[in-house]
Amino acid sequence: MSDKINMVQAINWAMDDAMAEDKKVLVLGEDVADHTGGGVVGITKGLSDKYGRERVVATPISETAFTGAAIGAAMMGFKPIVEIMLMNFMTVCSDMIVNHAAKLRFMSGGQTSVPMVIRTMTGPGMGSGGQHSDFMEVWYAHTAGLKVVIPSTPDDAYGLMRSAIDDPDPVIFVENMPVLWNPGDAPVRGSRIPIGKAKVIREGKDVSIIGYGRVIQNANAYAAKLAEQGIDAEVIDLRSVQPWDVETVLASVEKTGAAIVVHEAVKKFGPGAEIASTIHEHLHGRLRAPVVRIGAKYAAVPFSNVLETASVPSMDEIEAAVRSLVGVPA
Amino acid sequence: MSDKINMVQAINWAMDDAMAEDKKVLVLGEDVADHTGGGVVGITKGLSDKYGRERVVATPISETAFTGAAIGAAMMGFKPIVEIMLMNFMTVCSDMIVNHAAKLRFMSGGQTSVPMVIRTMTGPGMGSGGQHSDFMEVWYAHTAGLKVVIPSTPDDAYGLMRSAIDDPDPVIFVENMPVLWNPGDAPVRGSRIPIGKAKVIREGKDVSIIGYGRVIQNANAYAAKLAEQGIDAEVIDLRSVQPWDVETVLASVEKTGAAIVVHEAVKKFGPGAEIASTIHEHLHGRLRAPVVRIGAKYAAVPFSNVLETASVPSMDEIEAAVRSLVGVPA
Amino acid sequence: MDIYSKMSLLFHNDDRARQVIRTGRLNMPYYSFRGQEAIPSVVCSQLRDSDTISTIYRGTHDMLAKGCPVDKLWAEMAGRVDGTCKGKGGPMHITHPESGMMVTTGIVGSSMPIACGLAWANKLNGTDDVTVAFFGDAAGNIGAFHESLNLAAVWKLPVIFVCSNNRYGEHTKFEETCAVDSVATRAAAYGIPGHKVNGNDVVELYNVTQEAIDRARAGEGPSLIEANTFRFFGHVFGDDDAYMPAGEKEAAAAGDPWPNYRKFLTDGGYASAADLEAIDEAHKATIEAAVAFALASPWPDVQEMYRDVYAEELVP
Amino acid sequence: MDIYSKMSLLFHNDDRARQVIRTGRLNMPYYSFRGQEAIPSVVCSQLRDSDTISTIYRGTHDMLAKGCPVDKLWAEMAGRVDGTCKGKGGPMHITHPESGMMVTTGIVGSSMPIACGLAWANKLNGTDDVTVAFFGDAAGNIGAFHESLNLAAVWKLPVIFVCSNNRYGEHTKFEETCAVDSVATRAAAYGIPGHKVNGNDVVELYNVTQEAIDRARAGEGPSLIEANTFRFFGHVFGDDDAYMPAGEKEAAAAGDPWPNYRKFLTDGGYASAADLEAIDEAHKATIEAAVAFALASPWPDVQEMYRDVYAEELVP
């Protein structure tokens, strides 16, 4: 576990191991084959060379058709991993995802199912502007029948991807672009992390900071600094947004009496609203203050670096929230 | 105001009056012209006969192209009203709505704008099943740059549609199918209802019931019954989900000390989460109990009548919530 | 005879469905296919059980022709627990994998991308099974059509795209929304065979579908078939058809495939009227029994709300 | 000479952009158009200020050719307040309505539906202004292409669809994803003219675009032009181009339009080398000034987060 790898490699390993074990696992998407570069950032590198171009297919820019193709193949017992390069591009094939992949099991009364994984990248921080950076996980979490996973470290990414591939239902696997190349502990190959299980990445007693993705890792690093000032924050990485780990969150907030929910999706009507509401529903009267939600500003993601930075949750916002919740003046 | 008309007619009047006043107003969508029936349920009836087939255009089944056409025309100073027949079909052109209509003003630094209205129908209760009944307003409310309106009565529908057409930004106008033919007070032609202003449809002091669409009208009728039993509920019809009227809601809940938020969209990650969270954030310590959220079950909308009925908020659920909040046993 | 039998089943089933709806015993949106019976009857007569199809809201005929059990179909239309989908899908979403009836969609165009996947699975499995995607003429203008035909062509998928051109998309005429006079013309944009046929003519249709199916089984890739036909009961049953020019429906009646094929068989001495009547009667009895079965079947338990959302049942 | 001037501006602008990025003075995703200069230069030389265009991430050449001010373009690429979009759009979303540059999209295919609307507005306004939608070869496989061409044909919109076929969509070869050997072939599926031309040959391109623009101005509807070309710096600047067969880029260099057109002009005696150099130098000076202007321009105020979301400024 002391080796360091990044998320690009971890996700590659997960697909590689799954393809080696089960020949029903397929990979498709734009540029994913090796002769086309093994994916735009190389996450699928080596797979077509190893498993053949029948199982690893570079598609036309036809998200509706190839997502549909993945759905059809999944209904026939395959386990396709389809890459929709960036999350904003999911809008061109939402029909396939929302009206079909999510609903076919239910609408068929359980006769068919769609065991597929949709991989997609996103995240402000790359200077890609308004059409390449959105976090839209709340759309899919709101749609019954889908699961939504957003890992923040390489080993989580590996274990969650393995679980996503195993899963009998469609899983949307969101890859946080700006942290794709950050090194982290190497996963144990073959290991699984259950979807729906959060990870307490730091124990603490004063306040619970709950989130997922890049921002929760940042918050965790920050918590160490807060600790020097005598503030003992508990930090929880949800790892999956739907299902999310209500139990772990409630246990933590019951202990600390105060919670901050943080994500890179827009705050308004964002995932944090569900989490905050749920906390209030269960712990009414036991919270020192209302749950604080921190998310992106209500705007498209701006290009200009100063604005892009201002659009996402900052450590200052988290710090201000922590201080107000624990009653320590700035 | 004593004349009764239904929502089909009210929306028709609003478009008719707007087209008469401003020749920049256009109508497009499948079957909207008179020689094609004036829309599937006749909402656009008479418009092409009156204003010509240049301004009222029956389109191919090409939601992406004709929504894009509406966006382009809007950027050039027209005011298109585009019909996407049912809300689930918005998934085939979400790119146009979310990546373009919503963002062009921001991404262009205010140089261009998209003053269009997207009309769409939806709602469980018609036996249309999983791909024709969804309420997806949270998707669009979460997307900065869009407004989302869901009227529940004919006169609201008229006034809100007029405001939507006037609005300099894209407005999604959701028509609740099962109540389209319910009679209600006729609107005053030419009147406007501001987007973002809720309506207190019943004053009360014991509990605030907050929602929109068909279910809030039902709740209102129900409140009269509760009153006979000594429970005095305040009922608020939000009328628009984004922006929503935070001020009116907070004033009401501050008074009653208890709130129920109800909508036909799925509860989980639904619009009610934002409303409930906001109430908690502002009125912590002044609520007798946590805000109760009531929404559709977490599943596709089932076809079978018994299941379809079970999928949406029932008066029983609302009653149980009211009773628990006011402390009256059943 | 198999073709006649299918057509007869379809004809009588539609007849009965409209009647049951009219008398208020069933309450559902019903998209009558009356007039289009020849197409699935001919196509499915050449398919195996292991071949798969995808279809649309106006697809009851496709399902029945593919072998979907009549009683379960009716129970599904009635929203009952014995329906193909336990009543959860309804008439627009009937599924019956045992008979290869994999998906019915209510979203125009969406039968095609999924059919590509079903066909891809056949190919990956190394079988010579094929997939048929049924859809309407107006679906030829939506993006999913284009992407699917291109993908199928590039991947040489064993899929046959069967477009039932009944001249209308809802209330809008084909000519008003499609820039070319035939959907089949578009096959050239994908380098695949495109056949425009009289979809009411069993023989013509048979030859063309055989060619397309053979081609697909041989691994040579997809074809597009445009089968011209007419729907006699408008878009959704109950529609007023003011949007149709006077006389159009009457003129189309001359091409009505079921009576015509019946006449063809008897006139040509391929079958006696009595033989055909026996087939008809048998189907009528099956349908009668199915209606009774459906209406007697219980409503689904409310707990079904929480089942089949995921593999694991949800806790309310 | 207008065409040469545009080409020269484009050529030098791209050159400078790559250099500025390489030296770390700008940090942005940059989709170099080097090699494709002829297409927008020729097309836009025939457009009026009141004509409109829509383009894609790889569209800086289209914007400049249409008249977008060089200094504002650079300031936008630098994310500064003097940019066309106050730095909020960035290189993939440059907009400049004053010069008819209405929208730049980062979503493949999406320049086309919006162009239909721009053209529809021309038609409704009763002008003979036209709209050009620029896009790439791989965009020919997405649904938006199909729907837009059909809609434009049915509505007879004054729009010209200009496809720059540079043989690749990101790292994937055209042949691997498109079922036919030319995007222009697909025009037949919409009953509109489809022209396949050498997009590096100014004269050939000129004739074809003139025909298409005339047709649009005359109210006769849309055309599709496939202009074959090559991009010399891969998909996004910084890419490794291991996916390209050895020698492909070198071979394509022979068709490089800027040096070729330069040679054509001087060899044919249409212009002297000195004349052309004077043009080049003037552009270089403009670009130099634009770079300086951009880098000196202030960053946008954080308050811009709340502006232009809606017409009314939001309260933080």
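For reference, chains read A, B, C and D in written order, and residue numbers begin at 1 within each chain.
Heads up, the rule we're going with is that contacts are C-beta pairs under 8 Å (C-beta built on N, C-alpha and C of every residue); 3 or more make two chains touch, one makes a residue touch a chain.
What you see is a predicted model, and the numbers here were worked out from it, not measured in a lab.
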> What is the chain whose Cα centre is as far as it gets from that of subunit D?
Replying inline: C
> In angstrom, rounded to a whole number, how far apart do the mean CA points of subunit A and subunit D lie?
Replying inline: 35
>> Using mean CA coordinates as chain centres, what's the gap between subunit A and subunit B in Å?
In response: 30
>> Could you work out how far the Cα centre of subunit C sits from that of subunit D, in whole Å?
In response: 45
> What positions in subunit B touch 2 or more of the other chains?
Replying inline: 59-60, 62-64, 88-89, 91-92, 95, 99, 106-107, 129-131, 144-145, 298-300, 302
> Which subunit D residues sit where two or more other chains touch them?
Replying inline: 83, 85-89, 93, 105-107, 141-144, 147, 150, 154, 176-178, 309
>> Thinking of each chain as a vertex joined to the chains it touches, would you call that graph a line, ring, star, complete, or other?
In response: complete
> Can you list the residues on subunit C that touch subunit B in the complex?
Replying inline: 27-29, 79-80, 83, 85-93, 105-109, 138-139, 141-144, 169-173, 176-178, 242-243, 299-300, 302, 304-306, 309, 314
> Which positions of subunit A touch subunit D when the two form their complex?
Replying inline: 30-31, 35-37, 40, 58-64, 88-89, 91-92, 126-132, 297-300, 302-307, 310-311
> Mind pulling up the subunit D residues that touch subunit C in the complex?
Replying inline: 141-147, 149-150, 153-154, 176-180, 185-186, 188-192
>> So in the complex, the part of subunit D that touches subunit B is made up of which residues?
In response: 52, 54, 83-89, 93, 95-97, 102-103, 105-107, 110, 112-122, 124-125, 131, 143-144, 147-148, 150-151, 154-155, 307-311
> In their complex, what parts of subunit A are in touch with subunit C?
Replying inline: 26, 54-55, 57, 59-60, 62-78, 80, 95-96, 99-100, 104-113, 144-145, 147, 168-169
